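Let me give you the structure first, and then I'll get to my questions.
In order of appearance the chains are A, B, C and D, and numbering begins at 1 in each one.
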Amino acid sequence: MGKVYRDAQDALAGVLRDGMMIMSGGFGLCGIPSLLIGAIRESGVRDLTIVSNNAGIDDAGLGLLLQTRQVRKMISSYVGENATFARQFLAGELEIEFNPQGTLAERIRAGGAGIPAFYTKTGVGTAVAEGKPTAEFDGETYVQERGIVADLSIIHAWKGDEEGNLIYRRTARNFNPMMATAARMTVAQVEHLVQPGDLDPDHIVTPGIFVKRLVQVGPGFEKRIEQRTTRKKLMA
Amino acid sequence: MGKVYRDAQDALAGVLRDGMMIMSGGFGLCGIPSLLIGAIRESGVRDLTIVSNNAGIDDAGLGLLLQTRQVRKMISSYVGENATFARQFLAGELEIEFNPQGTLAERIRAGGAGIPAFYTKTGVGTAVAEGKPTAEFDGETYVQERGIVADLSIIHAWKGDEEGNLIYRRTARNFNPMMATAARMTVAQVEHLVQPGDLDPDHIVTPGIFVKRLVQVGPGFEKRIEQRTTRKKLMA
Amino acid sequence: MAWTRDQMAARAARELEDGFYVNLGIGIPTLVANHVPSNVNVQLQSENGMLGLGPFPYEGEEDADLINAGKQTITALPTSSYFSSADSFAMIRGGHIDLSILGALQVAANGDLANWMIPGKMVKGMGGAMDLVAGVKKVVVLMEHTAGGKPKLLKDCSLPLTGARVVDMVITELGVFTLARKGETAVTLIELAPEVTLEEITAKTEAPFTVALRNA
Amino acid sequence: MAWTRDQMAARAARELEDGFYVNLGIGIPTLVANHVPSNVNVQLQSENGMLGLGPFPYEGEEDADLINAGKQTITALPTSSYFSSADSFAMIRGGHIDLSILGALQVAANGDLANWMIPGKMVKGMGGAMDLVAGVKKVVVLMEHTAGGKPKLLKDCSLPLTGARVVDMVITELGVFTLARKGETAVTLIELAPEVTLEEITAKTEAPFTVALRNA
């Protein structure tokens, strides 16, 4: 099949170019394609437009690409956790397009589904709707939002097989499945590379058709926790 | 929780009324809510608008509601397997609105997702687009299609728990998951009623929020095959 | 005596009904989970893709793959399910969530809500707030009655809106108001916190309101 | 000598490339699966919600829950996956399927396709055909060259359209034509079946075409 690549650099070889639009999965630091982000950083590619719900934190996730000033524009719903972002934005070095989180998710889903535009109630009467067409349906006003298709999507999955079929674990699913469908090239990093047949076909969330390349993360792979919150065990 | 009902009659009690719109899951006879269709037939409710990809065959599936003339209108993509349908249609007793299968699936998905309208390339330049708004996006023409929300959805699933979480088996999934989301009341028949925690939360296709009532099929439950096609075993 | 944050959360919890699916915002709304009556079964939704949120994990049992919309580590329940962000907001936008309880910077008499940006300050983004207020069946705001001594329940919002005519109820440390999302603007004071006077709450509220106190 | 149905299917199979995802229509197109070259790996999609279609089951091993879009019992492969009809058509509409091979009643010179209804006859519905021709990257029509002695590759379709300007290639028992979906109408005869003459195919074709025969 030839979808499996040796490492992240290899998996992105020939794909990266300056000025391209990249979708990057994850919510906060949960389910982010950290290896692939690292490889993009190493490649030195610049002027990127990044579609991602968040912008990582200063020293992890997309924060790594902000540090190196490889990002020109972010399309996101919330970037509060990143001081580098704030500094570059206030200095006018970084552009941001805020989308309501659900509108962002749906725009990506629409892009992958061949839907160029849809209507939503979200944002009607707010700054988000300014300059966009509105329409009435059954007496309610809705705003038109556009589907997005990127040049490249980088995503993270729990398990993947050689055909590119993917499953996700818990809330690390988030934006990854839609982004897998909404780019001309989708590269996935998986925690566990398995053989075709190892995944129950009823459980596959992303069918292999959407995944062009995949790479297994190495043994030292670390998943960071952004807000470690716990409760105390009561003594019996 | 109180979502589990004793039988199909019980699960539909107080829900049925003349003239209502009902979505009915399944593709051909695969994954159809046969028990619930039977209970609707017994109820005698009339003038129904049914949203379903197909119309069953003469003596199974929605064909049972056509026999008793309980259906006023079908919104479907293909009704070729049903002679009762053809007879009633030609006699002017039955209305049909044909939708391309993917447009039908997406209209239902949109209805459940709070999207009143979307644009698609499907049907542009054909009879399907007549009378509907069109728009250009990036130089291509698209037709506007509307989301659908029904009064009731009846669906079939493989396993369900008391919370209403559902999983489907193989191609019996088809229209069931979207229909579960697109009605004011969704009633599911499940082949196996299991306890909360028995379904892996990563495998759940329909979260319980969408399912208001469910009923387990009985021991004599039969799944019919419409086109039994086989190949011969070669002798070794 | 004005309500404490916990008492405000407890008051908001009285809006929960058995079988409700509920989304709780960050801050005081999170506390509502501690006050769910024992005879009421609710499932909490987190917009990052989970239904059936459990409590925080015990120390050492945190899972990087299991967080809520505030990015805090949480746990699952036997009823839990996971789904994508598109499916999560389809659920929200499609009107399947019964109740959303969230904070606010300002609420206007007509139900307008502002809670995502203050011009001149760094803008962090609206996250899922605009989708929640547009999509959820009932929206309850849980907020301090004033900020820096100035009323937050106003004739009109001066800050950029999160949603237009989206708030059904406002709960503050001083009392509870209902608002009309449709038709004529109608703010009604329905409860006062113990020992809070009508004079005090009127002085601290810019939006005109009628009074129809219910037995709390 | 005109091609047999199997030879037509074999010719269509030569449009398959390694790694392609393919949707095959009912009828002759189904036969294409029997002619996939051994060095070409393709995955078949069925619009009722499956990728990775296997062959028909052995007798006694039929599964009512496992059918193709023609409602025939089939089997799965180790690569298979299942999904909903909405996800299936998102895949189709979104341009993720490389090739669709389907039958036709009429094809026009500009690529218009009619294959779903004949006015006056009972209308059965278009099923997924309109979505497939609108969404799939390359559309190949596999059809008899004539019906009742009348050409089916026409100047204009007289039957209601399934799609406007959607056909890239037409394969009949007499030869192979390419069509242009965009810009100027351009029908080109690129192959003739063995012993079929240019005169014969011209006589049986209403659409004007140019000839640029390739070595078959």
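By our rule, a residue touches a chain if its C-beta (ideal position, glycine included) is under 8 Å from a C-beta of that chain, and two chains touch if they have at least 3 such contacts.
Not measured: the values here are computed from a predicted model.
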Set of chains whose contacts include both chain C and chain A: B
Lowest number of touching-chain links that must be crossed from chain C to chain D: 2
Distance-maximising chain from chain D - centres being C-alpha averages: C
Contact-richer chain pair [B-C vs B-D]: B-D
Inter-chain centre distance, chain A versus chain D - centres from mean C-alpha coordinates, in Å: 36
Centre-to-centre distance between chain D and chain B (centres being mean Cα positions), rounded to whole Å: 28
Chain A-chain B separation of Cα centroids, rounded to whole Å: 33
Where chain D touches two or more other chains at once, by residue number: 76, 82-83, 89-90, 92-93, 135
Numbers and ranges of chain B residues touching at least 2 other chains: 106, 109, 113-115, 120-121, 168-170, 173, 201-202
Pairwise touch network: line, ring, star, complete, or other: other
Touching chain combinations (by label order): A-B, A-C, A-D, B-C, B-D
For the chain B and chain C complex, residues of the former touching the latter: 1-2, 109, 111-115, 161, 163, 165, 181-182, 195-197, 201-202, 204, 207-210
Residue ranges of chain B in contact with chain D within the complex: 27-31, 53, 76-81, 86, 89-90, 96, 98, 100-103, 105-106, 108-109, 120-128, 158, 168-178, 205, 223-233
Contacting residues of chain B [partner chain A, same complex]: 106, 110, 113-121, 135, 137-138, 140, 142, 146, 167-170, 173, 200-203
In the complex, chain C residues that touch chain A: 46-50, 55-68, 70-74, 76, 82-86, 88-90, 92-93, 112, 122-131, 134-135, 160-165
Interface residues, chain C side, partner chain B - complex: 19, 21, 41, 43, 45, 51-52, 76-83, 89-97, 135
